[in-house]
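Okay, so chain A shows up in both of these, paired with chain B first and chain C after.
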Partner chain A sequence: MSILPDIPILSFILLSPLLGLLVILFLPKHSGNLLKTAAVIATLIPLALSLWLYADYDKQQSGAVYEEQLDWVEVPLNKELHSDVSAFTFKLQYELGVDGLSLPLLLLTGLVTAMAALGAFHVKKRWKAFFVWFLLLEFAMLGVFLARDVFLFFVFFELTLVAMYFLIGIWGFYNRERAANQFLIYNGLGSAIMLIAFVILVNTAGFRVEQIGEQVQYVYSGSYADIIRNMTDAGAMVNQPAVNEMGALNPFVMSDTMHRTLFIMLLVAFGIKLPIFPFHTWMLKVHAEAPPAVVMIHSGILLKMGAYGLLRFGLLLFPEQAKSWAAVLAVLGVINILYGAVLAFRQMELRLVLAYSSMSHMGIVLLGLAAFNEIGLQGAIFQLVSHGLISALLFLIVGSLYERTGTTELTELGGLARSLPFTSGALLAAGLASLGLPGLSGFVGELLALLGLFESMRWLAAIAVLGVILTAVYVLRSVLKITFGPLPDKYAALKDARLIEAVPMIVLLAFIVLLGCYPSLLTDTVQYSIGDVFAQLLATRAGG
Partner chain B sequence: MEIYTKAAWIIPLLPLAAFLLLTALGRSYRRAGVLIGTAGALAAFLLSLLVLIGRLGETAVDYSKAFDWITIGDYTLRIGFEVTNLTSMMLVVVTLVSLLVNIYSAGYMKSDERITVFYGYVSLFTFSMLGLVLSDNLLSLYIFWELVGVCSFLLVGFWYARPAAKAAAKKAFIVTRIGDAGLLVAILLLFWYMPDHRLEFTMIQSVFDGPSGAITTELSTLIALLIFLGAVGKSGQFPLHVWLPDAMEGPTPISALIHAATMVAAGVFLIARTYDIFLDSAAAMQTVAYIGGFTAIFAATIALAQNDIKRILAYSTVSQLGYMMMALGLGSLTGGIFHLFTHAFFKALLFLGAGSIIHAVHTQNIQEMGGLGSKMRVTAWTFGIGALALSGIPPLSGFWSKDLILSVALQENKLLFIVGVAAAFCTALYMARLFFLVFMGKPRSSLGGAHESPSVMTIPLMVLAALAVVAGFVETPWNGALGSWLSGGIAEEAHSSGIAIIASIAVGVLGIYLGWLIYVKGSVSRSIVSDKAPWLVMLLERKYFIDECYERILVKPLKGLGTLLMALDSYVIGGAVRLVSAAADSAGKAAVRLQNGQVQTYGIAALLGLVVIVLAIVGRRFWS
Partner chain C sequence: MHEADSFVPLTWADMLHLAPELSLSALFIMIVLLDLVLPKRVNRIWIGGWLTLGSLLISLGFVIWQLLDRNSGGNAAAETIQLLANSYRIDDFGSLLKIVFLAGASLIVLLAIGSTKDDDAITDRAEYFYLLLPAVVGAMAMASSGNLISLYIGLELLSITSYILVGMRKKSSKSAEAAFKYLVTGGISSAFILFGMSYLYGVTGSVDLGGIGAAIPGAIADFKALLYVGFFFILAGFGLKIATAPFHAWAPDVYQGAPTPVAAFLAVVSKGAALAAVFRIMYNTAFFAATDLDAYISKDVFFAMLVLAAAGMLTGTTAALRQKQVKRLLALSGVANAGYLLVPIGLSITVVHSSNFAEFIYYLIAYLFMTVGAFAVLTAVNRTAGEGEMKDFAGMYYRAPWTAAAMVVLLLSLAGLPISGGFFGKLFILIGAANAKAYWLVAIMVASSVISYYFYFGFIRQMFMRSGGEEEEIRVPAATGIAIWVCVAATLALGLFPGIVMEWIDGAFSLQVDLLVK
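Take a look at the complex of A and B:
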């Protein structure tokens, strides 16, 4: 019997970065080492807690969901409009929960953030402010994966934007301010669309009638549980006809057109984040301008929020629409894969190669979602976690390379395997993981997504396999350019990775190997917990 | 003896343990590194030998065991191992060659500062290759298939500072990946069409062998051709052969182990494992036979005009793999596997001999060698045995296996028989040229004090030379032991025919004689062809311009496409983003101007807002 449900473990995880933030606020701003140590320790707490949660969760294998709930905002509405009602409120909740979909991403967040904190050695100015924003960012990301109320989710989603805005704008490279502005505006646009969609959802599917004894309450609820229950319950108001037999209007009805529109809005809102072609260009600037430790988080976790949102709100709330749009998703996925790969092949700047590579790899997630079967969805989730680890590792190495050589231009680099054997070896391993070498995690996500898609869309899956070849082409091109070949004299005296750099590299690589060799560690957790959600999706598929 | 078969899964783990230990130890333990790597290979070899001996009886039953790797709902992906007579034979071949290469490298790589890394990679390769051989299903075979590919890549690029090694490693990986993609699609197809989504070879056999109902012939053809695409990439068949000659940039022991005896034969092994799919489709069989036959003659002619000793042997490997493919395509599983078996020994021997020569004279150009026979007696003798075996001179091993293939060809397809005989002639000629130019005559450049290699290198040569002599006797025209053992007691009908034997011996002897006339006696001018048809020599020297074709057809267009898309990305799509951001900016500025303190402006704004709200409310009726 687990002791965890007795304590608010989810709130502990969510709030622990804030604790570190408080400590940092009271530390002197010039003692860099002290600040760094405090920040690293602060990130280790949520990591340890989420590891514990993950281990505990797996043992149960029952699909039980950890949940915590508190009333957050309650706005009374005019109950006088309705004669028989004791209360009529608009209710937002502090509602947290994890299931097999969010738990792996929660753990990923803890892991990548801790590694990024270790890897933030390149920050040379204003440490205190950096780590304050950094921990705030972690708080927001954990919140995104924990939140079970649409508005709470939205607030955390926005908070990541704010934190990122300052992290890019202050600690980035030469064009940092432009990059930060563009990032904020473009993502803000996506968020606006998301907010509209959420408001519509709360006002239709969020409507709930509560019967407590004789008293009846009307509630507009932002709770995800309420919304998904109403969306799938044929008897709920949202699924009733617009005019009932008595001739009364039903203001909560959601027509087919509205279903479709909401799905498309969510697809665009989260598609910008993912990013789906052609919404990807904002992220190139972030990859190129943000400091490497921040890109580790951006590429490792923030992009995953897009896929998570699309799955959680797009596919699970609108399964029928998602099903009829599956072919579109698959085509977009194939475009992402091939377009990203061809462009990665032509970049001369390592960070841009990796940016397009991220785009290409997120295409595989789209394929998995489009497959609309268990294997494909598992593949999508696996790919999210796997790519999170791999891209975090890659940008950790980028940080180490940049610190030593002062450049990430491919034309400037070469032969580093001689002076930096460890770092080069890690780069090669990360590259091999990225191109889907079996035994490393990238292969499993790719295999499952393709396997899933192959059931329904054979030709698209076969075309997507071309990506497997192109990925090898661009990965080897840049990795070998940097590490192989003759060593230029100017790099002859470089020193290999210090312990503080090597530790996060080894940890990330260990997780990549672990998942590659023993994927059940992840797939089983996902399977036991959201098997019923899959069943529901599949029922839609069979019935629809 | 059953117990060894059941314990076969331990075999790959031994070199894996060596690899992990070597990686953990780091570079400083040079001698220990050599010992650990060799010990891993030796232990694996001994255990493999026990497995093989246990299976030599008539009653050996196949044994397999698997565990669930990923389970998703009703679908399960498994990883497992299976011991059959074919796999036990391959186990011994792989571990034996690996062991000999480990020993040999102690001398050859002695002065290399990264010798521990080298041994680590070799151990990792041995593990992967054994895993490939033991796999009981197509997915786990694919996993190891990719791993041997990456080991090959690492070892080809072992001397990473050389630009040529870097290019060759990249090319090896990418070209074989093209084939791998085909194999992957074949696996995806099989997964969805096989009953219960099973990918085990035994299941494949029972599904395709039995009265096929579930899988149509068209589908069999498609799957077989996709699997063959994988084999074409790995086994260097035309048109994906281009990586194999370049892979000679790797250290020579690697060329012997990976690019002659084991990994490049994996394509042949793969087809043998999934042979029932091929047997189900006549079209696929024909494709395999013709591609194989064409590759055999195509590569043999290129080998005639090369001057780099390793490249000649590499093209020879391509050509011999073509023979194996041809045999499989003509329906002779025994022929393909038999030639794989004999070829592994004599080609490993030839490569290690070439390594011994390169070690002594520090050049790979045979035009700069000469007269080495008297200085390097062991190398010369063993190399000569390997060359005769390759040329198909009885009673050496290569004769028996090549004869079997030619006999089958004579029966099944006259055209391919002629191709095979012609390729055999070229083989004898290029080997004679190579041997005479290297070992006979006078040195054509200052070769310093070329001397025999240390015994740690010559002993493996002698072992392999002995095997190159005797390995052929497992299957002779009057004794179909190998064939009946492989097929579990059902002897294939003896194919041997007098015509094939005579033709095969005749062209072998003729080729060597012609080589002797040209390169030793000098009675036929060396420039006889280049005088009359210089274009022909150029065509061969430039390898039929295949690399140039790829450059034009694939590489340049891909780069062009990339440039085009880059322009699209930064001007069209990036432009749209800038537009959005500029629009937001100017909207903000407009809003600032709107807030001018004049009540009339505010009133208009409020009115407009009201109109929008009313329109929205009214519009919703029509919309929904």
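Take a look at the complex of A and C:
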């Protein structure tokens, strides 16, 4: 019997980066190596804990549930106008939980952040501040995947924004301030729309009349569990008619229009983060201007938050609307894939190639979601994890290349396989994973997502497959340009990857191969917990 | 009760109820005399500054004692104490607001103590501090008054002392200009308010708020147009005091010319008092301007407040986008915040939403700390750099890392980002607006918050991403430092444990007893 369910393991995972942050605050400002070591150790703790949790979760199958709950903000509302009520409160909980949907992403966060901390060797100034924001960012990202209260989720979501703003704006490349601003305003807008949706959601579906003995309580709850319970419970106020048989108005009803509006709002809010075409411009800037270690996190995890949010709040709360909008989602996905792939092919700057490639790959996630069947959803989640690993690896390599050559322009690079054999090899492997070579993780995600879509929308799936071919073209074009061909003289004396760079490359690559060869490591976990939920949702609410 | 028209003299027992106001007035006179008789070599910052601070804290102690005493045993609906024929009321509405005013004024005195030493344009050092006292008494009177006359007296006491305070930097022409502008707009505002009040009195025959409320339903049929005139003039007049759009144009000029602590006073106490007055007046009068036949007046007046709120939020944030002068920027941020604060007032009370006051006062408290904190940081920066331009903040990370960190917290709160008092303040107001189904307002609030990110983060850009010309460390005076860190700690505390304050407000405040003047 495992001891994990008996300890507040989720809080430990969530708070462990803060512990590291505290330590770093007390370290001297100028001892770079000490700060780096502390930061790496600090990121290893949540990684180790989430690995442990992941391993344990598998064994348990859908047995014990990991949930932690504490009333955080309990605001009494004025109840003078309701004489029959003993309490009227607005509740906002510190509520954490994991299921098969969030657990892989939690592990991904731990892994990518730890690797990014190792790969942050290129940070040359203000280490202390860098790692403070870095760890705060990790705290916020873990929080996003763990939170089970809509407002808690929002708090963490916003916190990533603030931390990223500093990380891009201070340590980025030449146009860093503009990139940071654009990032802030775009994502601020997304969060704003999300906040409106959440506020309305809590005001309607979050409301519940609780009867405890003689006492009646009115509660607005931000808890995800409460909201989803109310949404599916025909007896809850949100599902009652707008005017009851006594002629009294029901202020909590959610009309069809409201359902649809909320779904669209969530789609836009998370679509900006994902990013869905045409909301992607900010993300290109961030890819191009942020420091490589931050882009590893940005491309590896932050984009996934968009997909995660869309799935958790958009699809799971509004399955009917999602189903009727599935075709739109699929079309958006196909546009993302093709647009990203075509533009990636046209770029002469490696970081932009990879940025458009991220966009293209996130399109596959959309396809998986749009498929609206279990294979598709499995594929979507698999693709999230797989792309997180691959893009983190790619940007790690970008960081290494940039440090040595001082450029990421494709025209300037060439023949590096001779002077940097190890790095070039890793680049080739990452590229192959990215284009979906069987045996590497990229393949499984694409295959599952497309299979799922093929069941429901055959033609769109066929078009989407075009994207796979294009991916191969642009990936090979840039990888071959960098590694083969004549080696410019100035690069002849370059030294290959140091150990500190090689370790994260090897680890990430190992996970990519592992998932590619043994996908059920991930799919099983997803299956255990999410399978039931989806089966139920698909059957009862969306009518098959 | 409004029929108690005959004069009821104050008894000694009543004096005790007035302890906060009376103690402040008495101490004010004492400090004035001290300033007069003490020889020149006695440091005026000491007499003016620290004694003023002490007086404010004594009065604050009285108010807190009153509040606790009245609500002992969790009885939110304790009887209100009515003085002078109900023209002055000791209730929790007033007490909670007085706490905000006194705490705000105390912090402002602290930052004034820190910043005055270097300001050669101020000649009367002691006066500069102790004139805050009658202004605060005026604000307290506005929060406590139960009829139009005492309310107006409080308003004038506050206004006239503020006019003087704005012009306190006698050697600076900007300060004189600001004082003159403020005097003129303030005069217009008072005139508007008085004009509107005269209509209410004319229609209802009473200056007692409860009396007006009781008489209005009967008067609607005959005097509809006159009531509209009355309400809208009062609203416009207070709109000027609150500085919400479209009545905000004076604010940037006045804030820029006024000494920074006085600007903070206008932004927090003056604005809060005017909002409190609107709150009290409208819920006692316009709220009842509805009969079965004709419910428009009530609806229209409250809707007008929401329009003012929306205008304030949008105008304040968009105008601030291009602003490079910090005090002007904070003035415009104050315009936007006036908008946020007007939302719970304008939403009116419905069956599903009646927590307006709690939302209002929570955000007012959060606003107090973040605004005073930001002004305090500004005075610290201004000591070394001149005019209060945005670029004076450049490189602050190198010159004063801890103050820069404090500023980040305050800015996040101003921008409404977690974890801060500003975030929860806005969240509660948002939820209230959504409860009342005012979704358009929810959208405007959120949109203006996002716009405001740009200029609030402009400070962060300067502090952390640019390096200024000067490398010299910024030395923060102790008093200013205390003010800054109290504000930061309170902002964080409000962000981490908002429930405690809200519970406290809920435990003290009751709609029927504390807000309504029956």
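The rule is short, and it goes like this: the second predicted complex is superposed on the first by the 538 of 544 C-alpha atoms of A that agree within 3 Å, B and C clash if a C-alpha of one lies under 4 Å from a C-alpha of the other, contacts with A are read in each partner's own complex, and residues count from 1 in each chain.
As a convention for this text, a contact is a pair of C-beta atoms (placed from the backbone, for glycine too) under 8 Å apart; a residue touches a chain by one contact, two chains touch by 3 or more.
The structure presented is a predicted model; accordingly, all values stated were derived computationally and were not measured.
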item: Which superposed partner A:Pro251 touches (first chain B, second chain C, both, neither); value: second
item: Which superposed partner A:Ile185 touches (first chain B, second chain C, both, neither); value: both
item: Chain B versus chain C as contact partner of A:Val342, first or second or both or neither; value: first
item: Contacts of A:Phe454 with chain B and chain C, given as first, second, both or neither; value: first
item: First, second, both or neither for A:Asp233, with chain B first and chain C second; value: neither
item: Greater chain A contact set [chain C / chain B]; value: B
item: First (chain B), second (chain C), both or neither touched by A:Val468; value: first
item: Partner chain(s) touched by A:Thr281 [first = chain B, second = chain C, both, neither]; value: first
item: Which of chain B and chain C A:Glu409 touches, first, second, both or neither; value: neither
item: Which superposed partner A:Tyr165 touches (first chain B, second chain C, both, neither); value: second
item: Doubly contacted chain A residues - partners chain C and chain B; value: 181, 185, 189
item: Contacting residues of chain C [partner chain A, same complex]; value: 349, 351-352, 354-355, 357-358, 397, 412, 417-419, 423-424, 427-428, 430-431, 434-435, 437, 439, 442-443, 446-447, 449-450, 453-454, 457, 460-461, 464-465, 497-499, 502-503, 506, 509-512
item: Chain A to chain B touching residues, read off their complex; value: 181-182, 185-186, 189, 242, 253, 255, 257-258, 278, 280-282, 339, 342-343, 345-346, 374-375, 378, 415, 417-418, 432, 437-439, 443-444, 448, 450-451, 454-455, 461-462, 465-466, 468-469, 472-473, 476-477, 480, 483-487, 519-520, 523-524, 527, 531, 534
item: List of chain A residues in touch with chain C within their complex; value: 72-78, 80-82, 90, 129, 151, 154-155, 158-159, 161-162, 165-166, 169-170, 176-177, 180-181, 184-185, 188-189, 192-193, 195-196, 199-200, 202-203, 220, 251
item: Chain A partner contacts - residues on chain B that touch it in the complex; value: 68-73, 75, 142-144, 146-147, 150, 157, 160-161, 163, 165-166, 169-170, 173-174, 177-178, 180-181, 184-185, 188-189, 191-192, 558-559, 561-563, 565-566, 569, 573-574, 576-577, 580-581, 584, 623-624
